[in-house]
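Just below sit the structures, each encoded as structure tokens.
Consider the two complexes below, in which subunit A is the common component and subunit B and subunit C are the respective partners.
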Partner chain A sequence: MKKYIEVARAYMKAQLVWRLDTLVDVILAVAKILFAWILWSILFEGKEQIAGLGFQAMISYYIVSSYLFQLEKSAEISQQMAGMLRNGTFSKYMVIPVQTQGYFVAMEAGKIAFSAVIGFFVTFLWFYLFRIPFLFTTDRKILLCGIIMVVLGLLFMALLNYFLGILTLKFEEISTFLMIKDNLSAFVTGAVIPLVLLPEWLIAGVRFLPFYYVTYLPSMLLIGKCEDEAITGLFVLSVWCIVFIVLNQATYEHYRIKYDGAGI
Partner chain B sequence: MKNNFKFITELIKLRLSHIMTFRLGFFAPFFINTSYFLVQLFAFEAIYGHVDNIRGWGHGEILIFIGTFSLIDTLNMIICFFGVISIPEKIQTGELDLYLTKPVNPLLRITFEKVNPGSIPLLVFSACIIVYGVKESNMSLSYTNIIGYLCLVFLMTILYYDLELLIRCFAFFVFSINNLMKIENTATDLCLKIPGIAFSGIYKFIFYCALPYGVIATLPTQAFIGVLSVKGLIFGVAIVCIFTFIALSFWTYGVHRYESASS
Partner chain C sequence: MKIIETENLTKKYKRYKKQEGLAGSIKGLFHREYEEKIAVDAFNMNVNDGEFVGLIGPNGAGKTTLVKMLTGIIAPTSGRIQVMGFYPNKLERAFKQQYAVVMGQKSQLFFELTSEDTLRLFKEIYRIPEDEYRRNKNFFVDLFQVQELMNVQVRTLSLGERMKMELIVALLHNPKVLFLDEPTIGLDAVASKQIRTFLKDVNESRGTTILLTSHYMEDIKVLCKRSIVVNHGRKIYDGDTNLLFGQYQKCKKITIYFEHSVEPDVPDYCRVLEKTNDKLVLEIPKQNAEKVLESYIGHYPIRDIGIDEEEIGSVVERIYKGVGI
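For the complex of A and B:
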């Protein structure tokens, strides 16, 4: 475990080198909130509620989900792995005495840790400056469930992207898959619109997938909605994480022999 | 002018023979665009399933608006998107030198050297949405409206190109334009979901004049449904002329400031 903490620490320090970039990133996440404000203030004209959410709840949802969405940087894992497997520099991860999966998850954790703190303060500042009315759960248990779900969700996305990265060993060119995954995951995680706006039958189907619990459900829990789904959500997401940990290990062991260190 | 057309034709021929070598690469943009397009369509249906009309535009008009935005985006994707997005990398790596030293207009070459026929099927999807929108709104179309619509789609495709170029030209002066591109994506996403007629006050100024993503699909849609005023038409033509002038001037200024890979 110590080794992985060291990896996470090293990447967190590396983020400090690019602190201005991280800060600008976080500030720009606010552009999304402002644009959501414009969109929904127009759509809410003459309406009290849309799909059970009032205007205040809708904006609160966007604030929380934008914060969570900008934390999720795991797409870099698959891009980085694909690039290194193709040009032969992946060998450096194979020769160090850590599991590659653990290494990439620790790397992601280190990167997130820094922007999570900065993002939290900047979001808080924006609330204060713009006097945004904000809903937040007061139930400590739900708050705890929401925070654990956020962590599990970030872990799941890191595992998923690691899995896609490994696929480079099989398919060589995966950039098309990655772009399609980016397009779809932004929607199914609820980063584009709250999933409550979707038809009921579709939501019922999406509940079996892990994406529902990555951004959407934690955001809803943190604004005090969907509280009855908290425990189920934690269970489903944990199962998905375990499945991917095993799947990643098996896939890596199966395909790593195809890598010859000279690039594909 | 004649030489430029010949040059563009040759570039397209070269590009086609290049992408046919990598067949998956040929269809990749189609799959990527389709997934993006479906996501936007689902988002649209999800939002407007709960909203009857927006400032007088019903479901049909909004569908025409979405189809038009998709049509302009697809035209952009087919003609120039992949060329224009490569500008920052060319500047950072010094590859732009190869373009500047050739006896042709470098911007012309960059714009047309990566045409992407893989997105052509999306034109059909966009047309289907527009036709569906027309059926939904029960409107009667006139030839004048259709011709006006096509002219404005052409003009707005140019405006879309201008905005793309303008943002990428910042790469002449700064190390990374990733954050500017994030603003571009967020603004495009917003203006894809909401017609320009819905904006008022400062937002109208921003999305009509400063970052005119708001007019891109709105003006052609207004022409199509027959509600575009002469004032609106003049505004559309003027904004395209102004932004084309600014984008080209900015490009020229950037090229003058360019000092190869060290810039």
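For the complex of A and C:
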């Protein structure tokens, strides 16, 4: 475990090297809050509620979900893996005593930790300075469920992207898979529009998919909504994570033996 | 004790053969033809514990494929292979803990981190105890005299400095076997010599078994008592390096830069490799090299002279054809 913590630390340190990136992260965190406030102020003009959410709840949802969405950078995993497998540099991970799945998840954790800390402090400062109305759950159990769900959601996305990366061993070109995943994920996580705006039957359907629990549900839980779905959400997401951990291990072992192109 | 053993080791690749043009591409959507390429062919090899063995051969000879199989990166198609008692392609943790690979053109380092941070990361990856880590780090850092580079971002290191760091990272966990793929590629003469001295020291003082692939004759001649020559996936020579070069390296490559444009006479037994107004590159039989040089020095205004070993491809070709035995 210690080695993976060190991998995460290494990538976190690597993020800090780039001062412009750090500054952009801060600016983005500020910009998204400002943007949400302006956008929803206009949309709520003359209205009490939109899709069952008041102004305070809506802006809180938007900010939390976009904060979580910004943390989710795991697409880099599949792109990086695909690139390295094709140019023959992936073998550097094969020859060191780590599980490649663990390595890439730890790498992602390090990058997320960096963005999470920056984003959290900037958001907190912004709210404090401008007194933006913000709705947050006061129920500690729900808060805990929400936080665990965020962690599991990010873990799932890292595992999914690792899986897509492994597919390079079989298909060599995975951009179609990535495009499908990106579109599906953006829609189903509620990052495009809040899921409450969708018909009930569609929401019921996406509840079997893990994406629903990556951004949407934890955002709702953290603003004190959908509390009755917390346990179900944790269960579904945990199952998906376990499935992908096993699937990834099996797929990697299967295809790496057949793959000839992993250069040194 | 045999630390590396292969018997009839074979690797075949299957590759898609596309017909030319757009029509060929469209046809390829529906029907594909594949061709089989034998990269390594019934290869037998034994390496004993502590040996420093050179693996040489022209591009496409099968060296890299062989190293890939020995390190477990790819699986053989057939034959037997064992490295330190392990079947490499299983990539067991205990196996990976005992070897290292250094590639001249591909890096193991974190470019954004400092060398010190990178070493710390590898300490955790290989679970090296703190005291052993410090001891090894200090030993290698002193050996290479790179103390002042430890807190510098890897990205900013020169090629030679980076290669030194690659070697330190690779040796930090005391591997029993070290696979080196072109470790001096692109390096200047000073850095190459430092790397060679370092590797010699590591092999002698630590008993690390080293398998070196290189296109540089100097690397092989200085470091490897034993050489294995590969061509078309087959072993064509396995034995004493000095004997190999004594028997098959028949020529010297001499580069002469003239002060101004000249039209020099070239003896019949010399082969002109390159000729411009003020530069002449010749391949000269070893026994005639001195005589030719003397005649040029005496007759033409010379600015500089370079003497190199014959290119490895020519030597391998000669061995393969049996010329000069």
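List of remarks:
Here is the rule we go by: the second predicted complex is superposed on the first by the 242 of 264 C-alpha atoms of A that agree within 3 Å, B and C clash if a C-alpha of one lies under 4 Å from a C-alpha of the other, contacts with A are read in each partner's own complex, and residues count from 1 in each chain.
Rule of thumb we're sticking to: contacts are C-beta pairs under 8 Å (C-beta built on N, C-alpha and C of every residue); 3 or more make two chains touch, one makes a residue touch a chain.
In this text the structure is predicted, and so the values were computed from the model without any measurement.
Using the contact criterion defined above for the overlaid structures, shared-chain residue A:91 touches subunit C, although it does not reach subunit B. Once the two complexes are laid over each other on the shared chain, residue contacts for A:3 go to subunit C alone; subunit B is not touched.
In the superposed model, A:38 lies in contact with subunit B only, and not with subunit C. In the superposition on chain A, A:242 contacts neither subunit B nor subunit C. Of the two partner chains, subunit B is the only one that A:51 touches; subunit C does not reach it. Contacts of A:187 after superposition on the shared chain: subunit B is touched, whereas subunit C is not. Overlap of the subunit B and subunit C contact sets on subunit A: empty, with no shared residue. Residue ranges of subunit A in contact with subunit B, taken from their complex: 21, 24-25, 28, 31-32, 35, 38-39, 42-43, 47, 50-51, 173, 175-176, 179-180, 183-184, 186-187, 192-193, 197-199.
Residues 24-25, 28, 31-32, 35-36, 39, 42-43, 46-47, 49-51, 54-55, 176, 179, 182-183, 186-187, 189-190, 193-194, 198-199, 203 of subunit B are the ones that touch subunit A when the two sit in their complex. Contact residues of subunit C toward subunit A in the complex are 11, 13-14, 64, 67-68, 71-75, 89, 91, 93, 96-97, 99-101, 103, 106-108, 110, 112-113, 117-118, 120-127, 153, 181. Subunit A makes touch with subunit C in their complex at residues 2-3, 5-7, 10, 13-14, 17-18, 88-89, 91-92, 94-98, 257-260, 262-264.
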